[in-house]
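In the two complexes that follow, chain A is the common piece, with chain B as its partner first and chain C second.
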Partner chain A sequence: MTLVRRGVLLLALPVLLFAAWWVASAGSTDFYWPSLSSILAAFGRTWTWDRVQADVLPSLGRLLAGYLLAVVVGVALGAVIGSVRWVRALVEPLLEFLRAIPPPVLVPIVILLSGIGDRTKILVIVSGCVWPVLLNTVEGVRGRDEVLSDTCRTYGITGPLRLRHLVLRAASPQIVTGARQALPIAIILMVISEMMAANEGLGFTVVQFQRGFQIPEMWSGVLLLGLVGILLSLLFRAAERGLLGWYHGQRAGRREW
Partner chain B sequence: MVAVAARAPRVTGRPVALGVLGLAVFALALEVGPRAGLVPIRYAPPTSQILVTLGEQVGRSAFWVALLDTLRTWAEGLLIAVVAGIVVGVLLGSVPFLRAATATTVEFLRPIPSVALIPLVIVLYGPTIRSTLVLVVYAAFWQVLIQVMHGVADVDPVARDTARSYGLGAWARIRYVVWPTALPYVVTGVRLATSVALILTITGQLVIGSPGLGKEIDNAQQSDAVRVVYALILVTGLLGVLANLATRFVERRVLAWHPAIRREEVTPA
Partner chain C sequence: MLEVGNLHKVYDGHGRRVTAVGDLTFTVPEGQFACVVGPSGCGKTTLLRVIAGLLPATAGEVRVRGSRVTAPPAGLAVVFQEYGRSLFPWLRVRDNVELPLKAARMPRARRAALAAEALAAVGLSDVDSAYPWQLSGGMQQRVAIARAIAYQPRVLLMDEPFAAVDAQTRADLEDLIRSVWERLGVTLLFVTHDIDEAVYLGQRVIVLSAAPTTVADDLAIDLPAARDQLTTRADPRFTELRGRIYARIQKAKVPQAEGTPA
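Coming up: the complex of A and B.
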């Protein structure tokens, strides 16, 4: 019974909103606000498997490549900067400045320096996503448990073992926070790099529809971009649960005390 | 060795000097790199040229108009998002039924990238400030809302029940129990929203062409004025730094009473 009630509570509002959109837009004659049924029809017509292969998959590939590269670079640099005090002092103001630059303004520069190919788009994504990962890693590495640090030293744990079991382990909740903050930035940069400089890709296609006043197709593209965002955040959450299960368990355990 | 270093008391003078040195080395690298031919000088002008161009820009009234447009869009968007986020957040957070009923909707709407709305606002409003405002508000709203909802949910049950036993009304409970608990979360939400709002302000101007620094950057790029592109990017970076400093300052002032901040103040001594 409670399960049913919970299900109803969870689904009632989305269903209501969807129904409201459907009803309110049914038979719409406004050129810019087509009916939901025509948007959904356009969705099926537009995003065929050919289209997906030609435009959506390359976009997602660049997104993942840029994002993963940013995480690797951010964690590697962050571990070094967080561990060595003078390096941290040296680069901290510089990092403050670099991360404060709104990443989209880098798109024109990267286009100047490396054209409008795949490399540019991946570079753009890396240059925007690396900062949250980097800065959170620095904080995480810095804030590790001192008793654990001392224990490692006493037992002579050094090098890769220490890096893996102490430094990165201790920083992992922060690293995940950084990676979570970087995800929407990656999506933003994927879309706008394709809007500004591309001849294929999800962002490019949607803008083409808008320029050609193919309004239902454009709406279907907006919906698809939304779905991509939702899907990626669900994937991220699943990955987080796998990686940080130990941490959430520990926190929950402490709270019960 | 590292652990010892981390625990040693903070020396205030040296890190600042080192930080300045870091900035100087970076500027020098960007000066020497293009001149030595490591990167094409046409596309990556040396620091000194960027600074000279920045000086020229500062003398133009168009620059100040663009800067003001950017600041206005940013501030308006942030203000709308923060007010809406707090009101909706307190409402959804304190009524369990509403929270349960809206949870899935929030979870689904939040990850929708605001840039997905770009084509939509272009056909609806054209290249106007209003178009960019929609993006800014959409992106910044969720940052505030989520934090406020967490904050309101974090209220100590004992405090809440005590307030109820003493017969505090709904308003007094919000004012004296819910608000102080939620405030640190609100401040965090505002801090996150501030930088997100700046990013979307510039993005909107860059892609939609609504007036502001982003549009100036796009214009400069179209007319091949590479140095102006770099100079204006420098300005957006400085805006970002100022915003971070300002939110951090406000955080300290507003939360001066909060244990986390008080602890932070004590440790470096």
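Coming up: the complex of A and C.
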């Protein structure tokens, strides 16, 4: 597929929907459904560099901290649970219980325990994001190839070398799948944690606009959140390409000689 | 030197006991090229996995260079049948060959030299930075052989290594493994279901019976040491040995009622 064609396919639907929104909302007098032109005007007015520094960057910082912590914790625990059979048998019921709890429910509890600072919000993000990473890592580690395990045993590949080259790399396609599932959860929990207890941040700002009946500004915040989502998923895809090049290459089919 | 003494292996599970190996005893002297053939399902792979220390024996013992095998012994390398699954798809060819050396804490320069030498020996110097899945099946198995060579084993086990490659590649790989063996002076146990291959390659062929497995026959292959796909296979002695082993295996397919331990 040529670059132009890919670009067209990528942008066609968003452009079309934006155009439809623009036309449908043009000249709107409904207070709650302002025209897109007024939302975009509010966007430029609202998200100045000052505001980005004060509200957007702290949010993104917490988002990344919580997300990365969840990935590290999920992969570490998943590697242990997936490798050791009795540990898996021991913790499986507990995992099923814990992951069934919707993370937003934990927000008031975490606030009680650790206040309303950054730590609480990061903990909330971790509590939701860790599950897809953890469970996918467990499956990935369990499903590694027996012949490859035998190869490691035969050639004395043990310890950290085995962990890196067999356990984690073999599970990396599943780990990446889990991390991808965790990404939107991280954004959602970032916003929710800021809606409930915060004095700055993206979620807080959107709620403030809503309470102050600054409706176009509120919509512009929603738009910004969507853009953050797109940006993060693009970054994720770039990282995935580097990490899983071998996997996609292998799946694309063996080259014939 | 490789000693297998009264080896007995029973798989026990799901309420079913299967005797894979009945009673096996044989010795492969230092530096010998021995082939093991037998009817399919006769426990060849089980035997190999027990010798490699990947599977515990139910009774009896295996000794590699004098010490009893309880875990994968040092100085023993295995080339598996499933080359596609025994190479690390996320490592380049060179890194696949070097990984066991890295595990042995060999200095980087020495590692690189051994890997380059091993890859040259199997004729793959020009693809050392490719990924295994970019190579054909025969080339992947060459990488696995290069990994075994670079490891500098004293004992090399091969489990039907050429069963999954096409006939012409197979002939090339057979000659390659003969020359590798001649150069390294390694003790080589080569498991195959192909009688022609066993006779062509080995100095000796151990014929196994059907499960529960025992040694049905043990022949010295008195063909000239310089083997050639055309002349060796046309040698009347080759045909004679091949015929004898074939007859033994046909007979071995019917398990004897007596003489097998419970």
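As a convention for this text, the second predicted complex is superposed on the first by the 239 of 257 C-alpha atoms of A that agree within 3 Å, B and C clash if a C-alpha of one lies under 4 Å from a C-alpha of the other, contacts with A are read in each partner's own complex, and residues count from 1 in each chain.
In the analysis below, a residue touches a chain if its C-beta (ideal position, glycine included) is under 8 Å from a C-beta of that chain, and two chains touch if they have at least 3 such contacts.
Just so it is clear, the structure is predicted and the values come from calculations on it, not from any experiment.
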item	value
Chain B or chain C, by number of chain A residues touched	B
Which of chain B and chain C A:Tyr247 touches, first, second, both or neither	second
Contacts of A:Glu96 with chain B and chain C, given as first, second, both or neither	first
First (chain B), second (chain C), both or neither touched by A:Leu161	second
Touching partner for A:Asp50 - first (chain B), second (chain C), both, neither	neither
Touching partner for A:Asp150 - first (chain B), second (chain C), both, neither	both
Partner chain in contact with A:Gly229 - chain B first, chain C second, else both or neither	first
Chain B versus chain C as contact partner of A:Ser83, first or second or both or neither	first
Partner chain in contact with A:Arg169 - chain B first, chain C second, else both or neither	second
Chain B and chain C footprints on chain A, overlapping residues	146, 150, 153
Chain B-touching residues of chain A, taken from the complex the two chains share	6, 9-14, 17, 32, 83-86, 89-94, 96-109, 111-113, 142, 146, 149-150, 153, 184-185, 187-188, 191-192, 195-196, 203, 206-207, 209-210, 213, 215, 218-219, 221-222, 225-226, 228-230, 232-233
Chain B to chain A touching residues, read off their complex	2-3, 5-7, 14-15, 18-23, 25-26, 39-40, 43-44, 97, 100-105, 108, 110-120, 122-124, 195, 198-199, 201-203, 206-207, 214, 217-218, 221, 226, 229-230, 232-233, 236-241, 243-244
Chain C-facing residues of chain A, complex	145-148, 150-151, 153-158, 161, 165-166, 169, 172, 246-247, 249-250, 254-257
Chain C residues within the chain A interface of the complex	49, 52-54, 71-72, 74, 76-78, 80, 82, 85-86, 88-91, 99-100, 102-104, 131, 133-137, 139, 147, 151
